[in-house]
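Pasting the structures here.
The same chain A turns up in both complexes below, where it pairs with chain B and then with chain C.
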Partner chain A sequence: MKKMSKILALLLTLAMVCGMFAACGGSSAPAATEAPKATEAQAAAPAATEAPAEPAPADDNTLPRNETLYFAGQQWGPVNSWNIVGTNQNNSMAIAGNAGGYRSLMFETLFMFDFMSGEKKGLLADSYEWNDDLTEMTVTLKDAAKWSDGTPVTAADVAATWEVALLTNNGTGGSYKAYVDTVEATGDKTLVIKSKLNDAGKPVNPLKVEDFLTGTPIAQAAWIKTLRERCNDDPTAILNDKGEDVVWSGPYTKYFADEQKVVLVRDDNYWGQDASMWGKLPVPKYIAHNIYADNAAGELALKAGEVDVCQQFIGNIQNLWLEDDLPISTFYDEAPYGVCLTMPTAWYNMNIPVVKDNVALRKAIAMATDYEAIIANAMTNQSPTFAEVPRSLMNPTAGEQALYDHEAVKDLQWAGNDIEGANKLLDEAGLLDTDGDGWREYNGEKISLNAVCPNGWSDWQAAMQIVAAAGDKIGISIEPEYPEWDIMQTRFTDPSQTDYAIFMWSPDAASPSMPWGRCNQFLSSEFVGLQNNWSGNWGQYVNEEADKILKEIPLTTDEAKKVELYTELVKIYLTDVPSFSLMYRPNLFHAVNESVWTNFPSADDGRNIPPADCTDGYGIRALYELELVG
Partner chain B sequence: MKGYKKYFGKKILWFLITLVFAVILNFVLPRLMPSDPVSAITGKLAAGMSDAAAVREIYEHYQEEFGTNKPMIVQFGIFVKNMLRGNFGKSFSQYPREVSDILATSVGWTVALQLPAIVVGWLIGNILGAMAAYLRKGFDKVLLPVSIFFGNIPAFAMAVILLVVFGVELKIAPLAGGYAADMIPNLSWPFIKSVISHYQLPFWSIVLISIGGQAIGMRSMSIYELNADYVKYSRFLGIKDSKIVGYVFRNAMLPQITGLALSLGTMMGGALVAEKIFSYPGLGSTMYKAVLASDYPLISACTLIITIMVLLANFILDIVYGFIDPRVKAAQLD
Partner chain C sequence: MKHTLRNIFHSSKFVVGFAIFMFLLVMIIVYPLINPGSPLEQIGVGTFARPGTYVSLYDAVKTTPETLRIQDADEKRMANALTTEDKVAMLEWFSAVGVDVSGLEMDDSEGFLELWFANYDESAKPKGFTMAKRNYYKRLNRTVLDLQTGEALVVADPDNETGELVKIGEIKKTDYVNVGQVTNVKTLPLGTDNFGRDVLKELVGATKTSLGVGLVAGIVATALGLTMGLLSGYIGGIVDDLIMFVTNLFTVIPGFILLILISYSISPDLRGPTTVAAVIGFTSWPWTARSVRSQVISLRNRDHVNLSKLSGHSLLRIVVTDILPYIASYVVMAFILQVSSGILSEAQLSLLGLGPKTTVTPTLGLMMNWAMSYSAHINGTWWAYLPVILTITLISFSLNLMNTGLDQVFNPTLRD
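Moving on to the complex of A and B:
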């Protein structure tokens, strides 16, 4: 009897568990009925391609799948405003980017940067020309360029954009006021940009003036006037204005935004359909970005085909097509899958005496680190190795690699995992383990460092662990540490911090002023001692020779001389080791699901469209060439 | 009546004192975090800038705007002054959005998710617990292990299990969001249907766990009451069983009501885990992001809402208990 009741109890338990799940499943019925709807929508896609003239949306409240391009990995919170003059709006689809590739869906720059070729391609402007001493640049605007209200884009708009940038010190003002002196309209369609001059009467930095061309979204002078009037010229009020009435020049405009998504809709009157620009409209009618809680949610949506273009790091991305058989692809079919433009780097903190005083220590840790393990494990091979692209100050693109003499620095480069070499270097420098505890000492004290990167940045965390493991092998105690990002950014931008001995951060990727800008970030002492230093040289390294060369490069037009100067910089960098790069990495990840849209840019398609998320710089050309599957 | 007046007066006084301390803590605690949110805002703007002096100017501009360069006591004065006008200022992490605007858009989702989930979980849990205590035998033997099982599944595990089973594998429930990814909110049947279907998994991930906890609590209380002397005495007197059961469950309910009131009070904190895993909008994920970004104004506003709700729930409970259970009032007055 007792046995029977036990069996009965067990059966009832099972029945209740099943009942509860059935209740849950049962309540999900609406979802179940919705599922076929989605399939119908997809099945309808071919029909829509047969009659592409004006595919009518199902209703105003649903975005037709075959007219909507879905993104992930750009927008992580609700959109705060549409004010192109205020530059901190968390509006990643409309107001984002820099000289390396401004996101020109709604607002446009004078030129688009193509990081593959290093060229600046005309957008609102047709051409630019420097005078001989690089003090004045004349820019000619496109005749066809118009605002959304039908008025032409004029040189006065560019001048007004600059004027309000200086007034508010917004992103444009902050980025260029040290290099650009004036922006003057000399005609309706021509303007002159004057370089700021140094005490010697020479331009401060013509390269940064060129960045202005690809990094500054232009706003309409008439709208700026309205904005300034309603804000009484108060800079804070201007920056904080919501800009709901903003006038745009780009192919898309705002359609809808809430806590869960942002949607842009194509402006079918866009000026760019003129033959002098694209000659047509971009293909997707809607650009939608759902706001996902984290990378995992975005990746899940990409796999499910709910996202077409994903700008997120996905480990072992090749498994998505090799093992899961999903219609997902990347720019390159093989590793590294994307175009690597930047180099996440371990910075040495020169405020810590043992680090500052011992070049041998800095170099030994860098030599002992196993970069192949970092690239294979942390980056799942989405980076060329340092054997393939030997370390320097340059990213792996052909343009930058050609800027230094590889032979001249060959003896200074290291491939990593050289424990023997590192130990020898430390022994020779007198950093020995005198008390026999397995750890080396400096001035009688055990050398004990930490290696820091933000918590949750899993690929970086894995890299820091590998650096720490290298320390173990050469008798240097290195403890990995992962503070929250918010705390870490406060500390590493403080020039006097001594909390982090080795810490990870990335220099900038690509722009017209690269690789000078990156070299400056690695080596320039102009950032030393600056509070809230977001600009560069976070380790507080000082080298007068490097400073001199960094000032010379922007004014050098002779290509051979440029190579000579860059080679000198690389030599200084590899000799002094103020920091060491751990991997190469794409600036933008570019994984696409081709279940609805296809013809995305790829390396071998002969179209030379950079994989810039279909939105940034010249990468936006991809939107004009997309096709529906089938 | 005089006794009640004194009782209420005392309660209101304590309520106000607690509120003052809560406001001070709400202000001070987020600001003790070792991070500088103004630096984070500057970082976002300074991307790509190589002119360090310009970056510094931007930093100082935001310091001035948020008042973080002023002494803490002055900042507190401004905070209280603005708070009394219902102005919590601008968010750091969602700058230049007003905190009140962020809360207004999040709070509806949280109440719509949490209120029914708490009430349904509480009702089903208590009914099952009471039944287990009364019926015992097979029902109890089943309910107790099931309740312990569900009650002890961590919220994140329950959410992930539901997501994987119903969303990923069976594909009968949506994976993320409060409504379909391809929809624009509107008052139409397809949209409402979409909201309901997206509601299911977060809702059940909360309900299933709370059913377990409530059932166990109610079962224990009921068993305790069923064995109380007054029950035995009533049975001895020959009072009808149904009448006794009525008394028993009314007594057993008292602590459960306290639990319900407190749950409703903390409800405004949002169902963080469910919101996070199902990318569901609401106060929980808003507050989580605010904490990660050291967004003082947003953290302070969220915690203030929670504090006030909990205090109010406690206050109302105290008052109601004063009426329904004179022992409580008597004990408090002593």
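Moving on to the complex of A and C:
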């Protein structure tokens, strides 16, 4: 008996301790980032083909502060790999495809996207040209473009990048194989990209082919060859290769990475010093990102001046300068402070009959929701209101707003917090409270929904809370539910799930193919039934009319016709309410502390650099123009 | 009984604890009568409004003003818009753009303004001035520009048909309204929280829920602990071994971790305040059981118990009439401690996001949880969490004081 109890106690204790780690993992208090230990630093120092001249930094102090630009809010957890054609690299400073433009610190795309103007600016490539029926695109590469090993960037590199993308179905392959047919090198510096054609012989979507130009980091053909040989052409092995010997073309390269931080160092042989590109090197010698436990830790570091550029949502950010007198600023010096490119949205799950069958219910909840409170509260006014930018499928940028006829859909709009209107709508639709318990019934059953978003995403949780409160006021029971992110992500991407009735997710922000891509995400039945669906239409909404228009838009070149088609889509969206946006939100937050560096992009500085964190798409130009304070 | 009560109320510790506790109880009952409505009503649209009295600007404009010529009103206005730091900053600007400031006295606000309006240029970028600094000057310029307004502000209303602005009144610098005459005035003694809820109202509601949670947890834990302790102590043998085995397990495993694990495994939609209270009760009974058991063991061989046994009384009767009365005072004290720790446990659990998931009732822990996820502790919005912490402290302080007071009365070794 005694022995038994001892063993049992021991086992239970062990179980508890393990459980404790599991339970506390997500919510443990932020531990301030400690400087990595010297021994670890040496061990983790990159085994690059070209070893950096300096020894690996022993601690923070060896990175000279006035040569280092510190980031926050990008890298969570340690780096997995440097393999640019791989997957799951978790290497945000070097490898990150943001919807606002690809991060081109270490690997470069053919063109840089500027989400403010919608332009594509040449990087590895100089120019591109479509043929008349949009089936073939000729791209000319820059003469000066070179790899880190000194060899020129050629059309063969682009072709090899595409080839390995198809072989492994990596990020590039998955995103573009439905739209790009072939990438052929027609010369050293020229290549032809052919669109995939549909049954009618028309290109499937030329817009997506243009996305390829700004969204695909190019890898070196010779390195891809080495990689493929070492992996025997096994797709899984290629995807999971660590890529320590990778060859890059960008201005920075890996310097140091461990559990506490990631540091990139400037490559002083960078080809972009050529007059045909930047004509100089970027200013900071080091790009460093400490790995913080959570947003609060990153925010504290920004306040302390340990971080120069912070990509995190900070509520009431104006207090940092108004009340705390810190040298912190944002792209705009007044609300909404950043450029809102996307709209976090509440999606209705059409797998749930009561939701699918009742347009009135969907619209009533959307009408009753208090958007003013969500924007003031969850976003602390860092978003235009729906009175300023009426809801549609477009983000608030002027370019997208001009793509539909605001007057034509005016009657379909709703203002929010319209309890009376919502109640009337429900009454008319016959969704009544027949048993007098205060809740409305459908087919004799109480309508009971939940509103779901990940736990810990406080601004979204606040929004779901406000949606639930709206339900209370119109006799629809809506219970907010905050599952852990790892649980939620498996559920809402499952096309047959019925656990979440209303759930929050954000469509894509900006790219050359927007707003078409976003409209497609909102309305296209292309994604219905897709397993492990990260692509769009998470509510499984089907509308044939919308499908037809969505297919027509990419092939329409006449601007007036385009506006007409987009207006039709907005009409469908506002009539059928398959989802409703809750706020506008920047895709990238861009708060800078000018304790060390200054001359960051701002809206009124006349330089037209997008606030893309000084790293993404054309936003990287900021790095070439930074100055030290004083 | 009367004597015991008198003894208890002679203990100053007990009286202080009791007074604090009663104060909290009265607050819970009376405050909702003064300030009725749901404690979770979102009255503020923004986050974290400061504590203070809010006067409806709309109503104030429409209230008949009184003209008061107050000597230093203009000076105050000026001092508020143009602080000494602002003047120092202005000097910095002047020197950066090369303006001669000789003869300018620090208290010469008019002089500062004159020079400022003559020399400030919003688009200028003096060398070494960061964006943050230039933004500061922009804001400063806007504030001091406001000082330039004339004697009165015009109140206008857009015409219903034409949309043109029609002047309906003006506000002079010497106009004052009596706060008592403004139709809508709202005092928020503790401001609002991240959802724009009245913190004081929420706090009172939360205290009520938390006391409820504590009470349920205390009752469950004490009932379980008492039963187990009595059985274990009185019956002994295999029953004792079994019960002691379980309580020993609990001694080895930190109770709070067990609590976390159980809460984590209950799905959020089932995790109401009562469930959480029950879970807390079920994980905190063992120490009561252990101490009750040891007391029962010392009692069970007393003469009167043996006499009862010989008389053939049932187990239940012996336990209830011959043993329970001797440990009753101890059980009451244990109960008080259980209530106190139940409230603390709820707060701890909620802080970790494992407390009651509810949008209908506030709890102290949930208030702290939301304050934390909105970084109230970093942003200096103390009113969102400090009153909550104080309330929790007061509750457990008062309960512990009462417990110590009772101990002094009932425990012969501590008796004066």
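By definition in this document, the second predicted complex is superposed on the first by the 566 of 630 C-alpha atoms of A that agree within 3 Å, B and C clash if a C-alpha of one lies under 4 Å from a C-alpha of the other, contacts with A are read in each partner's own complex, and residues count from 1 in each chain.
Definition applied: contacts are C-beta pairs under 8 Å (C-beta built on N, C-alpha and C of every residue); 3 or more make two chains touch, one makes a residue touch a chain.
Keep in mind that this is a model prediction, so the values were computed, not measured.
*Asks:* Taking the superposition as given, does A:I487 touch the first partner, chain B, the second, chain C, both, or neither?
*Replies:* first
*Asks:* Contacts for A:K261 in the overlay, against chain B (first) and chain C (second): which applies, first, second, both or neither?
*Replies:* first
*Asks:* Figure out whether A:L300 sits in contact with chain B (first) or chain C (second), or with both, or with neither.
*Replies:* After superposing on A, A:L300 lies in contact with both chain B and chain C.
*Asks:* With the two complexes superposed on chain A, say which partner A:I291 touches: chain B (first), chain C (second), both, or neither.
*Replies:* first
*Asks:* Would you sort A:N381 into first (chain B), second (chain C), both or neither based on which partner it touches?
*Replies:* In the superposition, A:N381 contacts chain C only.
*Asks:* Going by the contact rule set out at the top, does A:N532 touch chain B (first), chain C (second), both, or neither?
*Replies:* first
*Asks:* Of chain B and chain C, which one touches more residues of chain A?
*Replies:* Touching more of chain A: B.
*Asks:* Applying the document's definition of touch, where does A:E372 land relative to chain B and chain C: first, second, both, or neither?
*Replies:* After superposition on chain A, A:E372 lies in contact with chain C alone.
*Asks:* Looking at the overlay, what does A:P495 touch: chain B (first), chain C (second), both, or neither?
*Replies:* neither
*Asks:* Taking the stated contact definition, name every residue in chain A that is touched by chain B in one complex and by chain C in the other, in rising order.
*Replies:* Common to the two interfaces on chain A: residues 5, 8-9, 12-13, 16, 20, 23-24, 27, 300.
*Asks:* For a test of understanding, state which residues of chain A touch chain C in their complex under the given definition.
*Replies:* 1, 5, 8-9, 12-13, 16, 19-20, 23-24, 27, 295-296, 299-300, 303, 315-316, 319, 321-323, 326-329, 333, 372-373, 376-377, 380-381, 450, 455-456, 458, 461-462, 465-466, 468-469, 479-483, 592, 594, 598-600, 602, 605, 629-630
*Asks:* Where on chain A does chain B make contact in their complex?
*Replies:* Residues in contact with chain B: 5, 8-9, 12-13, 16-17, 20-21, 23-25, 27-28, 30-35, 41, 59-65, 68, 70, 77-78, 80-81, 86-90, 98-100, 169-171, 173-179, 208, 211, 215, 235-236, 239-240, 256, 258-261, 263, 288, 290-294, 297, 300-301, 304, 306, 484-487, 489-490, 493, 508, 511, 517, 520-521, 526-527, 530-536.
*Asks:* Considering only the defined contacts, which chain B positions touch chain A in the complex?
*Replies:* These residues of chain B touch chain A: 33-37, 39-59, 61, 65, 90, 93-97, 102, 105-106, 109, 137-139, 141-143, 145-146, 150, 162, 165-166, 168, 170-186, 188, 190-191, 193-194, 196-198, 200-201, 204, 208, 275-277, 279, 281, 285, 289, 292-294.
*Asks:* Could you pull out which chain C residues touch chain A in their complex?
*Replies:* The touching residues are 42, 45-48, 128, 130-133, 135-136, 138-139, 194-196, 241, 245, 248-249, 252-254, 257-258, 260-261, 264, 268-269, 352-354, 357, 359, 370, 373-375, 378-380.
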